[in-house]
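You will see two complexes here that share subunit A, one where it goes with subunit B and one where it goes with subunit C.
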Partner chain A sequence: MNEKGQLHTLEGLAAALMITMTVLVISQSTMMVTPQNELAVNVHLEQLSSDALAVIDTADSGSVEHDLTECVSSWNMMEATYPASSLCDLDDELSYLLPGVLYNIELAYFKDQNLNVKKVIINGPPGENSVVVRRFVTITNETVNDAGGGWNLKEDELRVVEVRMTTWKV
Partner chain B sequence: MKDESGQIAVDFLLGISLVLIALSFTMQFVPGLFTSGSAGESSLDYTAYRTATILVEDTGWWEHSTGNGTDWETHTSDLMRIGLAVDDEPGTRLTNVPNLISKDKIGQFMLLDESIMVEVLGLYNNVDGSRFAYGYNISITKKGAIINVNNTAITRGTTVPDDQEIAKISRIVLIEHGTTAVLKGDSITSSSSSKATVNITGPFEENITIQLQNLNISGVGPAFVNASLDGAILTQPADMTIYRLEGWDHSPFSGSLNGTDVICFNIDNSLFNMGTEYRIDLEFSNVTFNNTGTSFVNYNNISSPLYEPAYLTVEVWQ
Partner chain C sequence: MESMKDNTNGQWIILSGLVISLILIGLATLANQAVIAGYHSSNAALEFPKESIRELNSHTRDNARIIKDLTLHINSTSNDTVPFIYEGLFKNYSEQIEGLYALHGETADLTLVSVNSTNGTVNTSDIDMIFVNITYFDGNTYYSSRPEIIEVNE
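== the complex of A and B ==
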């Protein structure tokens, strides 16, 4: 009678037990917290970025030199070429609110049934763990004329522009 | 011949027993080594996030048998929820402005009883049926320094400990800081072609700010000359400060200007302590005002709250 194989069964059981224990210990220990902390960092960054746009949008002209609608209205329709920005006012106001954070801004809008996405502020390629926040503004011929922009809207035309901001930390 | 392999070796048995004994000893006698860290800490994260969001985006709510509204700052005994966002229509729930912080609500927030704070904001944890209050610190800062509203430093809770895991969330908010009147181009009234004139009725709790934009430059080297209150020249910095508004920044103003500048005159409120009408004249050279006459715009009719950006930070620890 061949009785080989018995020890292997016991070894297998012991190995299975140890693997289960290891997985259990690792999954319960503090090491698992790291990715969650990273998630919290992302949430924090996203919250700050969305606050920055909201604050520039909400502030009226007495509190800030140009609010978000005025900044977007003043755009001269030229895309930015790195490292120059084509919306300097917005760039200044954002960098004041978001120290230590880098961001790119794109404007997205419909014109003649086409979706246009134009880069207006470029600070480099977004890093890992970038977040995107957006805010919509409505511009009219009046706001464009007041701000001296190049949108060239009709007298009664409303245009909704999505301000899309990609932010990341270095 | 009988094959005897397959029997358990004694040294293997000894080895595995030792490992198991050592492992169970370690797990039992070093507290906290293998305890779950994720549950406790992430609930701190949630608490910090929730607290910051409620404070910044919600107006708060009060309610009793005959009434309710968002103006909890005047009904603190029936307080249901704390929130700091501005609301112009306290009877409705749809008119709040997120990120815009009300000065009155901040004032009342600083006076609230500690136990009510912890209870209403949910800054506690239930462990086996008994309640543990978290340590917390809620502050509003600008450029790293805690700001003052009505001469009170806006910070609640205790000092943040150095040696503990802390959940922290910052939000950008706009906080009310006095009032401002914005005058643009031809809407500026003037007593002569070189003097912009504004009537002001006192008294004020905080400094007032007059902003001039789109000035009509009419010569070389346009400049600000002086400001006078009912004929008396105002001095800097005792009576007022003048700055250019650039984005959010207040940059120093030397006197000479150009047409795109936004010039702000921040005038001390103690100059207007009577409930009568005062007159401010702002004299310029090489700037022409076209709206000359004898009736002047009244500051009180066109002023709106002046907001400045700040960070509301919530820190929570066990």
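== the complex of A and C ==
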């Protein structure tokens, strides 16, 4: 008989405790954050971009200089040529709301049953993990006249314009 | 050689190795599950057309008011009745929005049900309630509001 058995028993107990604690800690974690997941970054970026357009669209006139409808109504119908923007007001507001994010903006609308898609803000080619968000505005002759745009709408005409924003991080 | 048969220390080393390898397998499985769960939850958030449905609904509500104002403006210089003008403008609006949704592979359907007034007359600015059927479908998610009741006298 010797006393080695006691030491082995203590070692076994300690090992069992460590294993049990490890399994408990891991299995009881309610959320395991995996920030490396590209899709999680995309979800965040999509929400951020969508909120930025929503803020510009729905904010009171005192909060933003021009809301989304005013910005679109003021468009002079000229497509942007990189790096110049043809919707400077919207570009300024978005750059303030989306720091560290690059974006391109296109306007899509139907005119005489034909689809038109025009680039109005270009910041470069979208990256691999870019997301697209959109918001609709309706412009009339009144909003265009107030904003001084070049849409040339009739008195009884309304036009739905899709503001399509592609965003990505670099 | 004989003494090695009596030495049982090696059994502990083998058992420890087995336990450690089992722990490593368990941890790897859990980490893998976490990555898969993160992927699926993120993918579900990206795929679900929350903003599309919300935008369709809120934009229709906003436009019901814009169309009402435009209708009354046109009615002041036209012989057509308010409901007739409203229906024409709403049809034009719904065709445009349906076309823009179709560009993204989504089906949106807006149908004007009725133009209503609490005092029964719709020839003046008394119209205060619009009933619209809104339907959305993107192949996976179906949304319907039949009818969507829109207060336009705000």
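Some observations on this one:
Here is the rule we go by: the second predicted complex is superposed on the first by the 134 of 170 C-alpha atoms of A that agree within 3 Å, B and C clash if a C-alpha of one lies under 4 Å from a C-alpha of the other, contacts with A are read in each partner's own complex, and residues count from 1 in each chain.
In this section, a contact is a pair of C-beta atoms (placed from the backbone, for glycine too) under 8 Å apart; a residue touches a chain by one contact, two chains touch by 3 or more.
Given the structure is predicted, the values throughout are model-derived calculations rather than measurements.
By the touch criterion stated above, A:Asp89 is placed in contact with subunit B alone, subunit C being left untouched. By the touch criterion stated above, A:Leu13 is placed in contact with neither subunit B nor subunit C. In the overlay built on the shared chain, the residue A:Gln28 is in contact with subunit B alone; subunit C does not reach it. After overlaying the two complexes on the shared chain, residue contacts for A:Val160 are found with subunit C alone; subunit B is out of touch.
Applying the stated contact rule after C-alpha superposition, one finds that A:Val133 touches subunit C and leaves subunit B untouched. In the superposed pair of complexes, A:Met78 makes contact with neither subunit B nor subunit C. Residue contacts after overlaying the shared chain place A:Glu46 against subunit C, while subunit B stays out of touching range. Applying the stated contact rule after C-alpha superposition, one finds that A:Ser61 touches subunit B and leaves subunit C untouched. Common to the subunit B and subunit C interfaces on subunit A are residues 32-33, 40, 43. Against subunit C, the residues of subunit A that register as touching in their complex are 8, 15, 19, 22-23, 26-27, 32-34, 37, 39-40, 42-43, 46, 50, 108-110, 115, 131, 133-136, 138, 140, 155-156, 158-160, 162. Interface of subunit B with subunit A (complex): residues 3-9, 12, 16, 23, 33-38, 41-42, 45, 49, 52, 56, 97-100, 167-174, 180-182, 209, 211, 245-249, 262, 304, 306-309. Residues of subunit A touching subunit B in their complex: 1-7, 10, 14, 21, 25, 28-30, 32-33, 36, 40, 43-44, 47-48, 51-52, 54-55, 58-66, 89, 92-93, 96-97.
Within the complex formed with subunit A, the residues of subunit C that make contact are 12, 16, 19, 23, 26-27, 30-31, 34-35, 37-39, 42-43, 45-46, 51, 55, 59, 62-63, 66-67, 70, 73-74, 89, 92-93, 95-97, 99-100, 103.
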